[in-house]
Amino acid sequence: MKILDLSAGDRDFLAEVESRSGQNLKTCYQCGNCTAGCPYTFAYDIPVSQVMRLIQAGQREMVLNSKSLWLCASCQSCTTRCPNEIDVAKVMDVCRHMARESGCVSERTTKLFTDAFLQSVETHGRAYELGLMARYTLKSGRFFDNIALGPTALLHNKLSFKPHPIQGKEQVARIFERFRKGE
Amino acid sequence: MSGEVSQLEELKAAIRGQLDSLDCVIGWEQGYDPLHATPLFIRSEADLERLTISPLAVHNPATYTTGFKGKKIGLVVRGCHSRSVIELLNEKLIERDEVVLFGLCCDGVVSQRKIRAALPADPGFVEAVELGKDELHITVAGEQATLKLQEVLADKCLHCAYPDPLVADVLIGEKHAPRQAASPACQDAFEALGNEEKLAFWQDTMSRCIRCYACRNVCPMCVCQDHCIATSRDHLWMSQENTPVENFMFQMIHVSHLTGRCTECGECERACPVDIPLMLLRRYMNKQVREVFGHQAGIALDKTPPLLTFQVEEARIKERDW
Amino acid sequence: MAKIAYYPGCSGQSTSVEYDLSTRAVCRELGLELVDLEDWSCCGSTPAHTVNHVLSAALSARNLALTEQLGMDLVTTPCPSCLSNLRTAAHKMEDADFRAKANALLDTPCTKQVTAQSVLQVIMEQVDPELIRAKVVKPLTGLKLACYYGCIMNRPPALMQFDNHEHPMVMDNLMTMLGAEVVPYPLKVECCGASFGVPRVDIVTKLAGKLLDAGRELDVDAFVTACPLCQMNLDMRQGQINSALQEKFRIPVFYYTQLLGYALGIDRKELGLKKLCVNPKPVFNKLKETAQAS
Amino acid sequence: MRIGVFICHCGSNIAGTVDCESVVEIAAGFPEVVYATDSMYTCSEPGQEGIITAIHEHNLDGVVVASCSPRMHEPTFRRAVERAGLNRYMFEMANIREHVSWIGKDKAHNTNKAADLVLMAVEKLRRNRPLVAKSFTTVKKVLVIGGGVAGIQAALDCADGGLDVVMVERDQSIGGKMAKLDKTFPTIDCSSCVLGPKMVDIAQHEKISLYACSEVESVSGYVGNFSVTIRRRATYVDWTKCTGCGVCTEKCPSKRSPDPFNEFLGTTTSINIPFPQAIPKKAAINPDTCMKLQKGKCGICAKVCPVGCIDYEQQDELVTVEVGAIVVATGYDLFDWHKYPQYGEGRYPDVITSLQYERLLSASGPTGGHIKRPSDGKEPKNVVFIQCVGSRDRSVDRPYCSGFCCMYTAKQAILTKDHIPDSQSFVFYMDIRAPGKGYDEFTRRAMEEYGAQYVRGRVAMIYPHGDQLIVRGADTLAGTQVEVPADLVVLATGVEASQGAVKLGETLRVVPDQFGFFVESHPKLKPVETNTAGVYLAGACQGPKDIPTSVGQGSAAAAKALGLLSKEQLESDPAVSKVNVNRCVGCQKCIDTCPFGAIKAVTDRMGRLKAEVIETVCQGCGICTVTCPQGAIQLEHFTDNQILAEVNALCPPKMNNVSFE
Amino acid sequence: MSAQDEQRELRIVGFLCNWCSYGGADTAGVARFIQPTDLRIIRVPCSGRIDPLFIVRALLNGADGVLVSGCHPRDCHYAEGNFYARRRLEMLKRFLPITGIDERRFEYTWVSASEGQRWQHVVTEFTRRIHELGPAPFFNPVSEEEWAKLALDGAARGASCACHG
């Protein structure tokens, strides 16, 4: 097991997460209520309460490399029940932003899905599900995960074969463009 | 002005009827020249003959009442004067059964300042004054000048909501239709100025003050008698130095002690020898009192001045917002 | 007729087209005129806010600005995910600095404060319940339903400001009003797996399976949902769940608008009932039987 | 005047951030200061001796000490100057610790500020004059508000010490929360066996009069001479006749009255005696459920009562008592756990509070001491305890620790095993707070001997599954989520201030803190005193407390009351208002505004009205001084001139280019 | 505002009642709640003892700010003192604008003995406000030249005043 050197904790990490999320993480007293309510705990490598603890301890690498960041669905049960009124889901969001920025991606498929989704929005102005699925499948190489769904979805006309591009799709594309320029 | 003549006679008759039971009745008589009136203390029939009630008779007789405490006196009062009397009664500074009020329904009194300004030159001693229905004929050095009465009425009269006495034992003259009080234009204009301009104005104005205390001495609500904290040697409230700050401090003491009590008779401003517009302060304070407490001094008997009482929840004070 | 700006959301064009259809039909029947935002675009959904909050807000704010251009200050959407994004954007843009950052990404800035509400909230707050009761022609009597609200329709409560955040009741009340028996479903706000169906289907089968299990425990005829993602995970993926968990769930999963529309007597075609993956026929058979029996 | 200035270092408390030597130097130059020095601890024995010696050596007639808050040591230094022969009011304090050194970081600014505060004190002292206290007699009677264990202890101690006691209890019986408990920690002795005899003592003590079903309506007066109005609520039973035989309660047909004594676990009769050991053991009618009072029908209790004590026409009654001191022992209320929707908001009958669980455990409770869960009366096997429900949770505005929940939860886990040997308890906790004697050992026993499984983490939700409840929490030590199927869930609901506390505080002029607990005079040195002289605090009304601490405080409050009233006479503070009759114009405005009726109108030899202060009644607020335009009535020690001297010291008129004085 | 100005203390006078607010300031001190150092506190028994003229005197003497704090309404140690104070202080606050003294230089509020944190907040906020307003303008002329100018201007304007009847 990895032994933490507390004196080597990265205080800037705590400060950065706090300022980007607008949350005071020093109020977390590790009651575990976030972990207790989190439906995704079973899939996490680090339970959300320990993510909070590791941020407090300035463990940038452990946090940003955690799979948990990518498996959080922002379902808000942690935020809703935190006795110290920390917006935990927002903290997870911010950590995910930071992980993305520093190139730490421990759940590749999740990131690919996100990217494919946004790519679709950037191209068409709206999410084009068949297109984004195709793109995701191509990039991830995971051909069999949802293959069984194909007939079900098609049978019921769930997926449109054509995208629904909007007239203002350039406007949407410019949102992304300006965003990337600003970063 | 036959109406006035008959009113004067009616008043004299009323006073005559009670003169025996009163230590003194306070009215007005001609002063050092026909243009100026001065208070008259009537103790005899002979005194009574000198009584005048012309628009030149401006002084507030309520100012003298507290000095007569324990004695029974009569007062000739106009609307604004009656407000002072009511306020004094409400504050238990005089007793109702110790004053007999001869009320005059008032059409306004003159402003000597406006007369002076309207005359071609400083009149000095005036030889004769003749009152017409709407004008004033003033003879100085043999030459007569005619002034429109309306143009030389005191500002307070132009905006007066209470021309008729609100309390009186005898009422002389015809009552007026109800009127709305208004704020004079100069008041609104001054209030609209910025802090810097206002401060500069008072600095300038207060450098004129000669600390004669006339404003205090004529004020009917200044009842500290000889014990005003502004002139006490024992209190550290202020020095006797004649500087803008100390002069202004004196005015702050005066206006602070008048909070919720000032009846806007305007005597302070009238008496000021250096023309300091003291009513700016009074009217503004009264407006605040009206807004917060819905109170106006001296318009009804048996009202407690707002600073001598309180409500647990003050509807119009939002101090917790800060 | 009350006019309200309407934001259908991307899924309404594909996976949940029946939700969009039935929503329009129901609103028309209840006297709510939905005015589509012209040329609306994607709100950014979950992927955008996991990347950046300004980007996410800007994608949503484009649609808030469209609402503003219609001269309206309220926009309604059937989809809780869109709702959450629109409300988050509106809330964050109350801060002038943030608003400036988001507007910097937009061609047309969003200058006014626009409120987003779910269609459910609009129906419950703007339509007289007596009107609904009076319009019911085919009551849902005899039907045993579990109302499942999903995780973000009411949470976090400070942002969403609608209904009880742990134990929401509006759909329960609506279904009861239509004559159905609503069971006290305990996992009303528990997450179904959200958009992990694509990248991590194992997560969805586990979480959604748990939700179906809790419904079966209470012997329900069907689920009622208000969220395209929830409906899809429970309905379209029911087969996946069955194979992953060795289960045999066959529980139809409706949008509340479909059942409401049915009760109001709206043509079945307009309700898109055919689009449901788990065949709802048993439910309607049961309703017919009950109707005949009485 | 010859003034001496003493600057205290308070160790490093002041000297750490204030240059005390500089302050001495500056102070030496202030008007009429003839001596200035500093010392390490001015309040210490040598520090005080230093002041006394200096007074003698330098012939001082006034002393300024710059140190801590006057609320801390003003009495100490006043006694010191008095020992040196000065009047105690020829002393002023500058607060350079709480108001300077502890709150400012910049040493230069702090030093400058400290010097300003010393100048202010010097300027005020120059206008001080000797004041002499007046004496007044006191009423040798104590009012105890609240009949829980703290109030009971205070009342008994006062009565045993020779004072008359009036006890006012809002409920029908005294005993408070403790009377509802089954056992007490850490000894597991029977609560009612411990408390019962003390309750009986209250009833039988000749010096104690007990008003149950009563509340304090208003309080006037001041230390030594309070006048208290008590509202005795109508019980519809003449308690002078009622023998507590209980026949009426047996025959009463209206059996659906809520049962507050059993924490609403069951219902009771409309006419009722809450429990067998109740004191006073008198019946009372709940007017909300009594058929006779609601509908005019029934009247059975009146028919069956052997002594004819039922009185349906009874009205509330107001009683006035004169007392010298007041002990407030109003206890606490339980947090309303319905604020946690994730615990079901009351939808699940088998989620109960810890106090309800006490009633289930108690032999005198609704189940006769058998643990039966409310939903179906079954004996639970898996019992889950959740701690910190309404404690240490700022999201529900209860950030404080309720203090004793850890202990009673351990006790309840132990008792659960005693009652149901094949049961298993799970305790969700955050930290175990067990600092009392034998307390930690007790919680260890719950785990080690009784097998309670302690789980460190909060519970996120409870939901039903079959006839059980699934409790989903975290085990933060194992670093994971956990689920327990429970037959019964007991919430360790936290402590909050008694509901009537804020209103009572207004009546007594005792300030509640932001949570409604009464604020003591000093958190360390005056824990049972309040800022209103003669009013003392006991028990949980001051903050969460367990039984031994409450009892200890009850005794402490009693000791304070006994000490106060042991003197034949009390001295009044001479810092009261005084009228300068020459300046007084007799307008009586001061009389109108005085809240205490301490000013009266008198006629002087000339027949003129003048105001006169009744010195022992005046409380020294100074409202009158501001009311008087001519400054004729001056609050001694806080006269216009004294305050103006301070203003002028801080804002020297020359600042504004005015020379002055 | 330059760093140096921020460093410079302004003169802020506090009038605090002994029982609540002075205690609250003590509580803040005991808890080491760091505050700006500009404020100097005058202790009075009750907010009902505070004559609005004390505040005027301080302001005219050149104080840059005056802060008054008493017990919360209903919590007055003397039962009614803060009720009277509230009326008096409110009138002063509302009156100040006519004098040209910025009314933001004066504030009154309620802080109880237990509210150390609130006291810190009040002091910090008020001090910040006063620093934003900057030093109070002098009422008297500050130099001989100004004195002379004032006198000459006054003389030139004469006794007349537009605003006068």
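Miscellaneous remarks
Every chain is named by a letter (A, B, C, D and E) in the order it is written, and numbering of its residues begins at 1.
As a convention for this text, a residue touches a chain if its C-beta (ideal position, glycine included) is under 8 Å from a C-beta of that chain, and two chains touch if they have at least 3 such contacts.
Remember, predicted model here, so these are calculated numbers, not experimental data.
Steps from chain B to chain C, taking the shortest chain of touch contacts, total 2. Between C-D and D-E, more C-beta contact pairs join the chains of D-E. Comparing the centres of all chains, each the average of its CA atoms, the largest separation from chain C belongs to B. Distance from the centre of chain A peaks at B, each centre being the average of the chain's Cα atoms. Chain E has its Cα centroid 33 Å from the Cα centroid of chain B. A separation of 22 Å divides the Cα centre of chain A from that of chain C. For the pair chain A and chain B, the distance between mean C-alpha positions equals 78 Å.
Chain contacts: chain D has residues 342, 461, 593, 627, 640, 644, 648, 653, 656-658 touching two or more partner chains. Among all residues of chain E, those that touch two or more other chains are 57, 60-61, 74, 80, 84, 88, 139-141.
Annotation for chain A: residues touching 2 or more other chains are 42, 77. Per the contact rule defined earlier, chains pair up in contact as A-C, A-D, B-D, B-E, C-D, D-E.
The part of chain D that touches chain C in the complex is made up of residues 341-342, 344-345, 347, 461, 463-466.
Chain B meets chain D in the complex at residues 66, 70, 91-93, 223-225, 227-229, 232, 234-237, 239, 241, 243, 245-246, 257, 304, 307-309. Contact residues of chain E toward chain D in the complex are 9, 11, 13, 18-20, 22-23, 25-26, 28-30, 32-37, 40-46, 48-51, 54, 57-58, 60-63, 71, 74-81, 84, 88, 112-115, 120, 138-142. Contact residues of chain C toward chain D in the complex are 164-167, 184, 186-187, 214, 217.
Within the complex, the chain D residues that touch chain B are 582-583, 585, 587-589, 592-593, 607, 627, 629-632, 640-641, 644-645, 648, 653, 656-661.
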